[in-house]
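Paired with chain B in one complex and with chain C in the other, chain A is shared by the two complexes that follow.
On to the complex of A and B.
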């Protein structure tokens, strides 16, 4: 049962920022997390600032050097942009397993990253893709890397009055990417563990750069730089990949209390996912 | 004109259009003037003394009318064992137990009020598993067990947490074990699981006066709810009216009573105000009943060819904080502890153990899936360890006519073709493709056999009324509830067939009202089509007799000469002489306008034949019906991720006679899918504090279409007529759940060589077992 709240609907970025400075105000986009928590009476925000009418924040922009995703872009919008899904299959793969059809229509990319869940479907590939977060606030616009933006479960670098306006993904030549998660079911579920692999300069092993991120293993999706270095600039053999898989999980200590998967499971599956994604991206030596 | 046969055809569901268009009405669709909303304040402790309860802050919340506590309500209740205090009194026995009820003008005020009730506790040691509760130093969950009223066939052990033990034995187990070629032991676990009905439990209780109660509820068994409420409030049965429309799923979890005593007791404090309680999705997990929750120890001695010479079984159920709702589940599991297999000697004990968890109750399968999980899993170990073919091991041990059940009842050919079902599935699986397209994936197949009987009161009667209207249409009234199983449709077909009229002329009453609807014991045990069907056949004979009487009066012939052909009452001695049955449905009207005879209404009853109470050896005529079958699974296991994909799942069942092929298949497939959830996904997870950590669908996962998109679900019906069933039909609704889990686990073993003895076979659990056995792929 929702407690009553003051509902505000800004039409400009400036107005939104001012409203979000009100005591206890919370930003509402798709509402697929916030409203559930309010129904469960875990959150009782006195003020809700509905950002959905900032229409300029919805949409996908294809540029030479990057792709910009407006914060209000829905998961369905991602799936329906064939140019985006062709260029960045990892985002398509995340969108396809994201919740259910109804929620995909509603949930936004800005909400997914601002909610800062350690296993959020989009943050994992976006972290591996070196995405930047665009922010608006009382001081105007600013931007930072998604990796720096995410501070912990439910915690971000957003200050009072600030909100996410978009995400920007730099494009590089000969880029390939893939995302895979394991969940308890094939149907609607949260990720038990996930992995994103991005290869820049994919077809030339000597110049290739591999970027990785994982979901639901640490407080935020990490970038395992040591393993990325092991896999970059070399021909990928099965032995090397197995070695990298072990290095990937060696520092991980997922929390034991997760209902979605045990630490043993997460650590056993990640090397398998790594091998399978490298195979799928055709990066392994025959 | 003779009507086309109704039985055996896939006529459309009677409730399809209403439900598809949203016109079907459920309890939460109802509301009344002056209605108040109830919200339950629940225990935050697993086992504790209540030191104090302060409702003053709650009563100060605007919109809150009353706060009702345990001292203000009557009870305890319980038909078999009177142990259930509907609001905690003095102590709480599980996390989530109702401690108080807040009544308020709306849901928000009720929620605020519930949060403001202050309760102080003194913790007691808690036992969450049967083994903890059985340990000699376990705290007693019911200190007063010895003083509870209990039916004579149940056996509580005061001073322990065992509130019933079913025991049965035959022959000299010790000497048979000593002479066995091999003795094999195992322990098998089935966790608590939830029913996850689409429609939450809900009830509206309205005291018009202090002695006049009306209840609208989502309950499987309106007449039982009426009986419990009448006893609780010391009212005549006629002073309690229980009204039940459609249920959005039951699966046993709305049998007995659920929220009705609680809501009615709270509403008595606000006479004149209907009080509504609808459980939230989360509350359904701890505010109604759970299912399963068994630990089974098996020890079997075998001859060299695999024959079972002796068997020992101990089943222990974590039955929860109150025993009433699980007591017969435990009993039923004991009756079939060795599955559909014979043992020359056996000792069986099935223990109902109080635990500091929400209590278990009926759940589709009712003790049988637990017993079959253990026995079929165990036989797989036996086959593996003795180097026997799993199919041959089963063939040699399957029950056959002339054998005796654990209850001493004789297995008869008319109980169904167990061997035929088994071979039908085995043949199908022999054709299965076990090749995979990925080096990390392996496939395997397995077959398990099953049998099930309904557990019920010896006087579990059904009754039905059929009335022909002046236009020839027929009204059908009974008190079996329609909870999605399709019984309304099947029963109309039975009525039409028995009368010889077209099926579309028969209209079932949608709403059961205990003040007008004929008596029905309960809608449980898959028995409605069988028992109500038999009552309807009797009612049809009665209606035909009355139509013939009126027809004979109308034609001026002796009643013995009148017959009904489905449309006309005919004179057998002179076939040209006949009158439309509809024209005499209300009266025989003579040419001068005078009338006699009266409206033709048929009434019929059915009581299962010869059921007895168990004797003190656990023996007797305890089952009035058996259904047998077999289930097989083909699985593909990903050795890298532990995923178990069901390639196919097949059931063969001897259903006696198929009344409606589409509905029958739907029932079996639905049961298979529900059991697949228990096999691969479902498990109630408790924290150390006894709180359910996954109460809700975020973390309690059930199968959804994506999980089944590439699974072949197949059903084979074998029809050995059941002499005591309508047109030969027997019970089918639960049976498809009974052997799915062991079929899946045994197929996983066939694929990987790895045994999994504790459910569920989740990805996580399977991968851990593959890692332990060194079979996982990195």
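On to the complex of A and C.
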């Protein structure tokens, strides 16, 4: 059923990076996407480098200026950290709809971003949250924004021998965030379309900055800067929000071949999600 | 060698054979109580405890389990074959119909009770919602978990 592979289990970053330089090597974390692709023969990695035994890559660090998520942090780890879910409810909302209990125990945040799926549950809020990706490779550590890291479906900026070690999310004063998706069922399914909203300086409209991202509409979750500008620094009325909703979908051309939702559906839903999330975050004028 | 403790017993397997933990359990350890359903992590029938955590064994390479402890449905009953409280509760409430989802469902409940010994209804729903039961016996599963918690 599975093609032959060599299974390797590094214990240091250096060793992991050397192993990932082997011809055709692939990093393995939770494996919840990779094993499905191997079974379907979409991927036939001759070398599997299991990163789960690297120390220090699992856990959630709460700092003054940021929150750092180790790459091996699982979806369940997110749900069980009440300080994290209180500070960044968007991540809780993503975790709650993520697959099923057993997959949440195993799937990692590093894997979710490195897999670079256009509708990945965590990638969408993390892009809106200005998250940075921390990378280790033959040249040592480096970091870049998640937006720049994601290049297309399944494509990232990772070079040979490199792997994700963590994500860091900058914290700003008076920050609020929310994530919502539509799927075909309320049970286990991938997002048909999703939206994340982040507000910095949320309670003072004049100084407020709104950040957005969407899932399953473009090759990577985009940052619609024009719409963000429309919604930032102003009092949010129903008219303005409706206008921004139209501006949000106007440049979008989701692929018609999606199994989960038609382009028409996605474009009809996004303005509604935008209004609902702004309401839920208590950012709308009465 | 690939060393895995399964249901309290130490096993050694070929370290190079490409296969999932599910295949190893069924075909090499002969433990066919763990079922093979979709093979894609979507149905839940292959659920086992891996180091105490409910895990879909079809989404784990056999090699990933090296040095780990696995508990399958065969590992729950006592030495005389007496059912464990969760199994007994499934029988008593009739939460088993055709029975194909039961091994995965029971292991999922064990995983839940290790984390939350007194789960809320929402927690039971979250732990079992990824388990497909086509006899639609879900309500009985809630009753079984409530009974198992009482009996434990």
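One rule holds in what follows: the second predicted complex is superposed on the first by the 286 of 286 C-alpha atoms of A that agree within 3 Å, B and C clash if a C-alpha of one lies under 4 Å from a C-alpha of the other, contacts with A are read in each partner's own complex, and residues count from 1 in each chain.
The rule is simple: a contact is a pair of C-beta atoms (placed from the backbone, for glycine too) under 8 Å apart; a residue touches a chain by one contact, two chains touch by 3 or more.
Owing to the predicted nature of the structure, the values given are computational and were not obtained by experimental measurement.
Of the two partner chains placed by the overlay, only chain C lies in contact with A:31; chain B stays clear of it.
After overlaying the two complexes on the shared chain, residue contacts for A:188 are found with chain B and with chain C alike.
When both complexes are overlaid on chain A, the residue A:41 reaches chain B alone and has no touch with chain C.
In the superposition on chain A, A:242 makes contact with chain B only, not with chain C. In the superposition on chain A, contact of A:260 is made with chain B only, not with chain C. Contacts of A:271 after superposition on the shared chain: chain B is touched, whereas chain C is not.
Residue contacts after overlaying the shared chain place A:208 against neither chain B nor chain C. In the superposition on chain A, contact is made by A:105 with chain C only, not with chain B.
After overlaying the two complexes on the shared chain, residue contacts for A:176 are found with neither chain B nor chain C. In the superposition on chain A, the residues of chain A contacted by chain B and by chain C overlap at 1-4, 187-188. Residues of chain B touching chain A in their complex: 107-108, 110-111, 115, 282, 440, 640-643, 681, 685, 693-694, 698-699, 701, 703-707, 709, 762-764, 767-768, 771, 776-778.
On chain C, the positions that touch chain A within their shared complex are 15-16, 18-20, 23, 39-42, 44, 47, 53-56, 58-61, 63-64, 66, 108, 111-112, 126-131. Partner chain B is touched in their complex by these residues of chain A: 1-4, 40-41, 182, 184-190, 192, 242, 245, 259-262, 264-265, 268-269, 271-272, 276.
Against chain C, in their complex, chain A makes its touches with residues 1-5, 7, 9, 28, 31-32, 35-36, 39, 48, 50, 52, 99-103, 105-106, 187-188.
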